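The letters A, B, C, D and E name the chains in turn, as written, and every chain counts its residues from 1.
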Amino acid sequence: MLPELTIALVILFLPLVSFVLLIFFGKRFTEKSGLIGTTFLGIDLLFAIYILFAKLATDTVWDFTFTWIDFNTIVNQIPLKLDIGIMVDSLTAVMLVVVTLISFLVHVFSLAYMKDDVRYSRYYANLGIFTFSMLGIVVTNNYLLMYVFWELVGLSSYLLIGHWYEKKSASDAAKKAFIVNRVGDLGFFIGIMIVWMQYSTTTYTGIFSAIGNGNVPFDSNTWLTAAGLLIFCGAIGKSAQFPLHVWLPDAMEGPTPVSALIHAATMVAAGVYLVARTFPMLTADALMVIAYFGAVTAFISATIAIVQNDIKKILAYSTVSQLGYMVMGLGVGAYTAGVMHLVTHAAFKAGLFLASGSVIYAMHHALHHLNDHHTDAQDVRFMGGLRTKMPLTFWTMTIFTLAISGVPLTSGFLSKDEILAGTLAFSHFTGHSIIPIIGFFVAGLTAFYMFRMLILTFMGEHKDAHRIEHIHESPRVITVPLMVLAALSFFVFFSFNPINASQGWFFHNVEYPVISVPKTVASTPTEEFVEEIHHQHTTAMVLSVAISGLGILLAFVTYYWKKISADAFERALKPLHTFLYRKWYFDELYDATAVAATLAVARILAWFDGTVVDGIVNGAAWLTKIGAVVSGKFDSLVVDGLVNFTAFFAGMMGQTVQKVQTGKVQTYMIFAIVGLMVLLALYI
Amino acid sequence: MLETIINNLSNIQAEVIITVTLCVVLLVHLIDRKNTSLLTLISAAGLAVAMYILSGAVGVNSSAFSGMLSIDPFATFFKIVIVLATLVVVVMSRFSDEVNAEKKTIGEYYFLLLSMCLGMMFMVGASNLLMMYLTLEMSSLSSYVASGFTRKAKDSSEASLKYLLYGAFSSGVMLYGISIVYGLTGTLDIVGINQMLMQGSASPLALIVSSIFILVGFGYKISAVPFHFWTPDVYEGAPTTITAFLSVASKAAGFAMMMRAFKVMFIDSSVMNLPEGTWVFIQGVHIQNALMILSVLTMTLGNLVALWQDNVKRLLAYSSIAQAGYMLLGLVVLSNDGFSAVMVYFAVYLFMNLGAFYVVMLIANKINSEHIDQYRGLGKRSPLLAVALAVFLISLTGLPPTAGFIGKWMIFLSLINAKMVVVAVIGVLNSVVSLYYYVRIIRNMFLRDEQSATIEPFKFPLAQQVLLLTLLIPTLYFGLFFNQLVEFAQMSVQMFGMK
Amino acid sequence: MELKILNIGVLTWLTFLPIIGMIIVLLLPKEQKTAVRWTSLVFTLLQVVLAFLVFIKFDRSMAGVNSADTMQFKEVFDWINVKSTGWFGSIKIEYFLGIDGISMPMVFLTAIISCIAVISSWTIEKSIKGYFALLLLLDTGMMGVFVSLDFFLFYIFWEVMLLPMYFLIGVWGGPRREYAAIKFFLYTLLGSVLLLLAMLALYFSVTIIDPASGEKIHTFNMLAMMNPANYEPGSILSGVSTSWRYLAYIAIFIGFAIKVPIFPFHTWLPDAHVEAPTAISVILAGVLLKMGTYGLLRIGFPIFPDAAMHYLYPLAFLGFINIIYGAFCAMAQKDFKKLIAYSSVSHMGIVILGMAAMNTQGMLGGMLQMFNHGTITAMLFLIVGVIYDRTHTRGLDDFGGLMNKMPKYSGVMMIAFFAAIGLPGLSGFISEAFSFLGAFQTFRWLTIASAFGIVLTAGYMLWTLQRVFLGTLPEKWNDLTDINARELSMLIPLAIIVIVLGVYPNLMLDVMNASANTLVDFVKGSAGATIIN
Amino acid sequence: MNLYEIIFYFFAAITVGSAAIVVFSRNIVYSAFALLFTFFGVAGIYVLLNADFLAITQLLVYVGGILVLLLFGVMLTTNTVSLDVKPGSLNVLPAVSVVAVIAGLLGGVYWTSDWFVSTQMGELMNQTTSKEIGNALITTHVLPFEIASVILLVAIVGAAMMARREKVN
Amino acid sequence: MTITLTHFLFISAALFSFGLYAVLTRRNAIMVLMGIELILNSANINFLAFSRFGGMNLEGQMAAIFVIILAAAEAAIALAIVLNIYKRFNTVNVDEISYLKD
C-alpha cells in the first residue's frame, strides 16, 4: 500500500484512537482529556496538510481496494465480492484538510468554552468519533463504506446534539436529527441497492466505468436518474436540504463549537461532498432536480433567516441557505464552484459560529455574574454595542460576514460568483432562468440578514447598561481560532486573482470529473459549460456585488441609522412576518402529518394487534363478552387467544354435549338407540 | 375324545391357572378372613404364572375347542396386556384404602378381579359369536359387581346399577343382532359366517342392521360415542382400582374382540389387487365410514367434555373415551399396520393410564378427594408423585419423549399411509385440544400454590414408590426405544385363519 | 470433519452435556443453592467451549445442506430399526447428527445464550433446583434441534423443548404467567402437530435402499428427503408442484411460522416475553425464534423446493408485514419488554425477507441476521432485566435520565440499541443490509417498502432511549446502583460479538457462505429442474 | 286352519298380549304375573319350533327361577303399604317414537330379507333334541359350557356379596 | 296359508319392541330388568326359529340354552344390585338415582 494511503489511514484512525482513549479512561484524566483530544487532532492536521501538498504535487489518484467480503460464486452469476477501500484525490485531500483544520480549531476553542462542563471528557470523545467518521466519509472510495460512515456521522451528531440531554429540547433535537437523517439515508440506501444490484460493486470507479460502458440500471436511463436522485436523498438529509432541513436549526441545541464543527462546516457539507462524488453518474434531469432543490432551500431558509432573533438560529438558517447554494451550484453543473464554496464556506461559517460562541460565552458570563436567568444569552435583541467590549470577536466576525455576503477580496466572493456565473450559464443552456434569479436574490438577502445580525449584535447601544459592564473579551484559546479562520476567509488562499478563482490552484486541481452518463441524457458537456461560465463571469460579478451591496446598505439603513423602522414593517406585514418567523410552519406541518400519522398508525396497529389479530386468531373479543357468562368453569387455564376461541367454542360444544349426561341411565339408552338409528340411516 | 379335550386344555393353561387361582382366593378368604395380604400374594402369583405361560405361548397360532377359541398371536398379545393390567391393579388394590376398608369382602374383590380378567382373556380369543356374547357377559357381570364393590358408598352402588342396566341392555341388543346374523348364515362361527357372506346371498338390509346391532355391544364395551354414556358415571363411582382396570383391560378386551369379529367376519378375501396388509369389508357391510364417524365423534366429544371436568377421575374417564377414539382410528384404517398401531397404543396405554389412576388413587388416599382444586401445590408436597403424574398426563397427550407419543405416532403413521389425511388432521387437532385439560392438572400441581397453609409433605412407603416407578419407567423408555415393542406388535397382528 | 471426545462425537457431547448437568443438579440437596448454580454454569460453559472448538475446527469449504458427505462432525447410528414384516416396510430411524453452515452459527449461538441465561438466572430463589434442571433440559432440546439431521429426531427435540418452557414461564414468570405459558404451549403444539403430519407424509413418500439389508425402506433422513429421485412414484408427496406437496409445505410452514413468529401467528410472543423471567425471555428471543427460520432453511426450502419457489412472494410479503407491523406495534408500547418483543417480530421479518430473496446476499443476510438478532435481542432483554431487577417496573414512562445514574449500564445499552437500529459498525447493520440488498434483487418494490422499517426502528428505539435514559432522573430512583460485575459479565461478551461481527462479519459469513450458496443453488436448481420435467 | 296354526296363534296371542300387559300395566305386581304368562307362551312357541328341551328349560329356569327372583325383588323393594309403587314412566314420547322406528325396521327386515333356510329337515324333526344337545354340550360346546359354569359361580358369589347384610355397629 | 318363519320372527320383533319400550320408559329398576328379559326371550325365539327352519341345525338351540343360563345369572346379580340400591337410596326408581352426572 502506498505510503500516502498509510498516512491517510493514520489520519483516519487517530481521532478514533482518541475517542477510545477518552471513552474508557476519560474519568481518569478528567480535564486533561481536552488537551489529549486536541493534540491528536493537531497531529492529524499536520498529516492532512502534508497529504494535501503531496497531492497537489502529483496528478495520480491514490486508490487502494481490498475485498471485505467474498461471496464466492453464486448461482449462475460472476463471482461476487464486496470490495471496499480508500482513495485520495484532490477533492479528498482538500476535504481532509478542511475537516481536520476545523475540527482542530473547534477542539482548541472548546478548551475554554466547555471548560466546566459535566461531561467534559465525554464531549471530547464524541468529537473524536465524529472526526473519525467524517474523515471516513471523505477517504472512502465506495458507497457502502460511505454509507457506513454516513450513519456513524449521524450517530456522533446525535450524541453531540444531545450532549446536554437533561434538557428535553436537546434530546428531542438529537432524536429529530437522527430520524430525519434516517429518512434521507433510506433513499441513499435504496440507491446503493440499485447500484449494487446492477454492478455488484459499490466503488465509484467501478460504477462510473460500468455506466461509461453504457450499462445502466434495468436498462433504463430513468432508473439511472432515479439512482442518482435516491443517492442525492442522502444529501438532502445530511445537508438539510428542503424538505428535510427542519432538523438543522433544532440541532443548535448542541454546544456552539459543535454547531460550528458539525452543523456548519463539515457534516452538513458531507451532503454536498456526496453530490460532488456522485456527479459523474447524474443525468441532466437529476441535475435539474438537484439544482431546484438547492435553489428552493436557499430561498426558503434565507427568508426565514431575516426574521430570526436567536443568533445561532440566524446562522443556522444562513447555513441551510448556503448549503442550498452549493447544491444549486453543483446542480447547475458548476462543479468546482460548488465544491469551492463548500470549502470557503466551511472556513467563514465555522468562524461565524465560533464568533457567536464567543459572544454567547461573554453574554453568558455576564448574565451569570448578574445571576439573571431570564434573559436569553443568544437573543440578538438583548445585545448591541459589544464592539468596544470585544473588539477581536467583532473584527473577525465582520470579516466572516463580509465573506459570506460575497464582498470582493473575500474567499466567499470568489466561490459565490462562480456559482452565480454557473447559474447564468445554466439558464443560458436550459432556459431555466428562475435559478439565477433566485441565486442573485438570495445573495442580496444573505448580505442583508448577516449585516442585520452584525449590527444588532455589535453596534449601536447595549440594551442593558449595567450588563455591558460585565462583558469582556473572550480568552485567547477562543480568539485565536477566530483569527485563524478570519485569515482563511481572504481570497489569497484560493487564488491570487482576487476577482476570479478560475486560475487559482483550487480550480486547477479540483477539476471537473468525467461525466460517464450516456450522451443522450447527459447535461451540457463540461468544456462548453466552462466556456459559457467565462462569458457570464463578469455579468455575474457585477450583479452580485451590486445586489449584496444593496443588501448591506439596506441593513445599515434599517438597523443602524434606523431610517426605516423594522417594527413598522413588521406590523405592516404581520402575517408574512409570523409566517417567516414560524419557519414557514414546516415543523408544525410535519408534526401534524408525518409524525402524527406514524404515531396514529402505531397506536391503531397496536390496538389491532391486541384486539383484532388476537381476536381473529383467538376470538379474545368473544371471550370477553361471553366468557363472563360461563366463567364459572372457564378458569384461567382457558386463556384468551386461539386457546380461548377454541376452548370457548369447544367449551360451548362440550357443555352442550355435556347436557346429555343427565345421570338418568334410560336417557343414555335412548341416545344410544338414536345413535344406532343414525348409523343405520347412513346405509338405508 | 378325552385327549382332544386334554390338548385343548393345554392351549388354555393360562386361563385354567387363573380359574384355579380365583377359586383358591375364594377358599382362602373363607378359611382366613383376616389375612388380606395373602390374597394379594396368591392372586399376584397366579397372574405371574399365567404371565409366564403366556410368554411361552407367544407365536402359537392355532384354534381350540372346535373353532370356539383361537389361540393366536393376536389373542396372546392382548392376553398379556390384560394379565399385566390385572397384575398391576392387584398390587394397586393392596395400597388402596377404599378397597381395604371393606375387610369382610376383600376376598370377593380379588375373586371378581380375577374373574373379570378370565372373561377378558376368553374374549380376546373368542371366534364364535356365542362365545363372544358369553365371555362379554362374563366380564361384564363381574364388573357390575366390582364397580359396586364399595357398596356402602352411594356413588359406588349407583355406578353398579347404571353399569348393570346399560350393560344388560346393550348386550341384549347385541345378542339380538347376533341372532339375526345367525338367521342369515345359519352359523355362529365367525369364519363360517364369513364364508356364507362371501356367497353374497345374504340380504343387505338384514346384514347391516345386524352388524350395527352387534356394534352396539362392542361400542358399549369400548365406550365409543354414542354408547359411552355409562363410562363417566361408572368410572367416577367405582373404586379407583376398578376404574383403572376397566379403562385399560376391559377396553383392550373389547377392542380385541371387535377387531377380530369385524376383520374375520366381514373381510372380503376375494378382492386381490390391494397393497399388502390391507383389506376391505364385504359389499353391504362397508361399515368403515360408520367406524370412522364413531372414532371422530368419540375423540372429539371425549376431549371437549373433558375440558369441563373438575373431578380428576371423571376427567380421566372422558380422556379414556377420547383415547378410545384414537384407537378406533387404527381400526378404521383396515390394515395390519393400523391394527399393530392399536396394539402398540394399548401396550403404552396400559402403563400411562394405570399410572395416572394409580397416582390419583394415592392422592385420594391422603386427601381423600379427587377434585382438581385439591391438587394445588402437590408439586411441593410430593414432587415424585406430581412429576410422575405430569409424565403420565403428557404421555396421554402424546408428546415426545413419552410412550404416548409413540402410540399416537403409530396411529397417524397408519392413517397417513392409508392417505386418510383429513381424519389425521382432526386427530392431531384433537390432541392439541386435549392438552388443555391435561395441562390443567399439571398447572394446579405446579403453578398454583395450595391455598391452605398446611403444606406437610406426603410420605409414601417404598413399595408404593416402586410400583410407581415400574409404571413410570416404561412410559419414558418406550418413548425413546420402542423397537421391540413395535416389532412384537407387528408380529402379533396375525389372527388364526387369516393370511 | 471429525471430532471425538472419549470416542463420543462432539455433537452428542454438545447436546447431552446439559442433561448430565441436569442429573447432577437434581441429585444435589435442596439447600446447596450455590452448588446448583455453579454446576449449571460449569456445564453450560463447557458447552460453550465445545461449541467454540467446533467453530474453530469447522471446515469452511464444505457446504452440507443436501449432501451427507459435506456434513461435518457426522454421527450416524441406528436408533430404531424395526425389522420389516412382509406387509409393512421396516421402520428405520437413525440417530443422525451433523452440522453445516446453516446450523453451525445456531449451535454457537445456543451455547452462548444458554450460558448467559444461566448467569442471568443467578438471582432466582424460588425452587432453584427445578429451575436450573428445566433450563438445562431446555438447552438440550434446543441444541438437539440444531444438530439433528433425522426428521424424527428433530421432531423429538423440537417437542422436548415445549414442556420445560411451559414450566419456566408458568412457574417463574410474571403475574399473568399461567396465561402466557399455556398460550405459548398451545400455539407451538398446534404448529408442531401439523409438522408431524407433514413429516409422516414425507416418510411414506421417500424410499431409499437400506445399505444394511439392501431392501427398499422408508426413511426419516432429511437429506434423503431432499433428493427428488428418492420419491416413490405414486406416493402422496411424489411428483412436482402437486397440491399435496403445496399442502405439506404450508403445514410445515405454519409449524415454523408460529415459532418465528410470522404474522398473524405472533400473538403468543409478546405475552410470553413479558411474563417470562429475564433469562427465559433471552432464550426465547435468542434461540427459540431462530428455530422457526432454521426449520424453513433446513426442511422447508430444500425438501419442498418447488413449493418454496412457488410461495416465495407470499413469504417475502409476510416478511414485509412483520417488519413494518412489528415496528409500528413496538412504537406504541408502554412496556419496555413488550416493545422489545415486538421489535424482534420486526427484526425476524428481515430474516424472512432475506431468505425469501433466494440469492446469496439475501440468504447470507438472513442467516447472519438470525445470529445477530439472537445476540442483540438477548442484550436488550438483559438490559431490561437489569433495570427490572432494580425497580420492579418496566413502564417506559417511569424512567428517565438513567444515563447519569448508571453510566456503565448506559454504555452497554447504547451498543445494544444502536445495533438494533442497524448502525454500521455493529453487527445488526451488515445482516440487515445484506438481507435488503439480496431481497431488492428479487422483490424491488416490496424491499423498498420494507426498507421504511429501518426508519421506524430508529424512531421507536431512539424514542425509548430518550424516555428511559435521557432527560432527568425521577426522584424515586435516586438510590439506583449501576450494573454489577455479574451483569456485565453476561453483557460484555455479547457486546464484543456485536462489535466484532460489525467490523469483520466474515468471521460468521465464511462459515455460512458455502452452505448458503449451495442451498440457493439447490433450491433454485431443483425447483427449476422439477418445473422442467 | 289346522291345529298347528291354532296352537301357534294361541301361544302367540298369549305371549304378545301378556308382554303388552307387562310393559303397560301400572301395577308392578301385575306386570310380574303377566311376565309369567309371557314366558309360558314363549315356551309354547319353543315347542312349536321342535325345541322340546328348550321349552322345558324355559319353564324351569324362567318361571321357576328368574320370575321368582323378580318377584322377590318386587316384594323386597316395595313398602307393603301400597303395592302401587310409583308406576310412572318417563320420556315416553321419545321412547315410543324410537321403539316404533325400531319395530318398523325389524318388521321391514323380517318381511323383506331371505334367510338361511334349508327345506330338507333332518331326522331331528320328529324326535327329542335333548340327546344331541347333551352331546354337543360335552363335545363342541364344552368350552361355553365350562364358561357358563364359571359365570354362574361369579353370579352366586357376586350376588351374595352384594346382597349380604352388613352388621349394624 | 301355513305358519312360516316370518310369523315367528314377527313375534320376536314384537317382544323385542315391548322389551325395549319397558327398558326405556319404566322407572322401576325391576321393570327395566323385566324388559331386558323380554329382549333376551325375543332373541331366543329368533335363534330357535332360525335353527328350526335352517334345517334343524342345533347351533341356535345351543345358543338359546346359554342365553337362558346367562339370563338367570344376570337376574341374580341384578337383583342383588337392586336390593343394594334400595338399601342405599330407599328407592328403586332409576331416574331418582342420578347423583353421578355432569
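Methods note: a contact is a pair of C-beta atoms (placed from the backbone, for glycine too) under 8 Å apart; a residue touches a chain by one contact, two chains touch by 3 or more.
It should be emphasised that the depicted structure is a prediction, and the values quoted were computed from it without experimental measurement.
Asker: Identify the chains adjacent to both subunit B and subunit D in the sense defined at the top.
Answerer: A, E
Asker: Where each step is a move between two chains that touch, what is the least number of such steps from subunit C to subunit D?
Answerer: Tracing touching chains, the least step count from subunit C to subunit D comes to 2.
Asker: Between chain pairs A-C and A-E, which one is joined by a greater number of C-beta pairs in contact?
Answerer: A-C
Asker: For which chain is the distance between its Cα centroid and the global protein Cα centroid smallest?
Answerer: So the chain sitting closest to the middle is C.
Asker: Determine the centre-to-centre distance between subunit A and subunit D, using the mean Cα coordinates as centres, and give it in whole Å.
Answerer: Roughly 103 Å separates the two chain centres.
Asker: Any idea how many Å lie between the Cα centroids of subunit B and subunit C?
Answerer: Spacing between the chain centres: roughly 42 Å.
Asker: Round to the nearest whole Å and give the separation of the Cα centres of subunit B and subunit E.
Answerer: 27
Asker: Just give me the whole-number Å value for how far the CA centre of subunit D lies from that of subunit E.
Answerer: From the centre of subunit D to the centre of subunit E is 6 Å.
Asker: Show the residues in subunit C shared as contacts by 2 or more other chains, in ascending order.
Answerer: Residues 178, 182, 186, 190.
Asker: Considering subunit B alone, which of its residues make contact with at least two other chains?
Answerer: Each of 130, 134, 137, 141, 144-145, 148, 151-152, 160-162, 165, 169, 173, 180, 183, 186, 205, 209, 232-233, 305, 308, 436, 439, 443 in subunit B touches at least two other chains.
Asker: Where in subunit D do residues touch at least two different other chains?
Answerer: 90-91, 94-95, 98, 102, 105-106, 115-116, 118, 140-141, 144, 148, 151, 154-155, 158-162
Asker: For each chain, which other chains does it touch, given as pairs?
Answerer: Once each pair is checked, the touching ones are A-B, A-C, A-D, A-E, B-C, B-D, B-E, D-E.
Asker: Flag every residue of subunit B that touches subunit A in the complex, lowest number first.
Answerer: 161-162, 165-166, 169-170, 173, 205, 208-209, 212-213, 215-216, 220, 225-227, 229-230, 232-233, 287, 289-290, 293-294, 301, 303-308, 310, 433, 436-437, 439-440, 443
Asker: Looking at the complex, which residues from subunit B come into contact with subunit D?
Answerer: 1, 5, 8, 19, 26, 64-66, 68-69, 104-105, 108, 111-112, 115, 118, 122, 130-131, 134-135, 137-138, 141-142, 144-145, 148-149, 151-152, 160, 180, 183-186, 196, 201-203, 205-206, 209
Asker: Give every residue of subunit C touching subunit A within the complex, in rising order.
Answerer: 178-179, 182-183, 186-187, 190, 263-268, 325, 328-329, 331-333, 359-361, 364, 401, 403-404, 411, 418, 423-425, 429, 433, 436-437, 440-441, 447-448, 451-452, 454-456, 458-460, 462-463, 466, 470-472, 505-506, 509-510, 513-514, 517, 520-521, 524-525
Asker: Could you pull out which subunit E residues touch subunit D in their complex?
Answerer: 2-3, 5-11, 13-22, 24-31, 33-35, 37-38, 41, 44-45, 48-58, 61-62, 64-66, 68-77, 79-84, 86, 92-93, 95
Asker: Would you tell me which residues of subunit E are touching subunit A in their complex?
Answerer: 20, 23-25, 32, 94-95, 98-102
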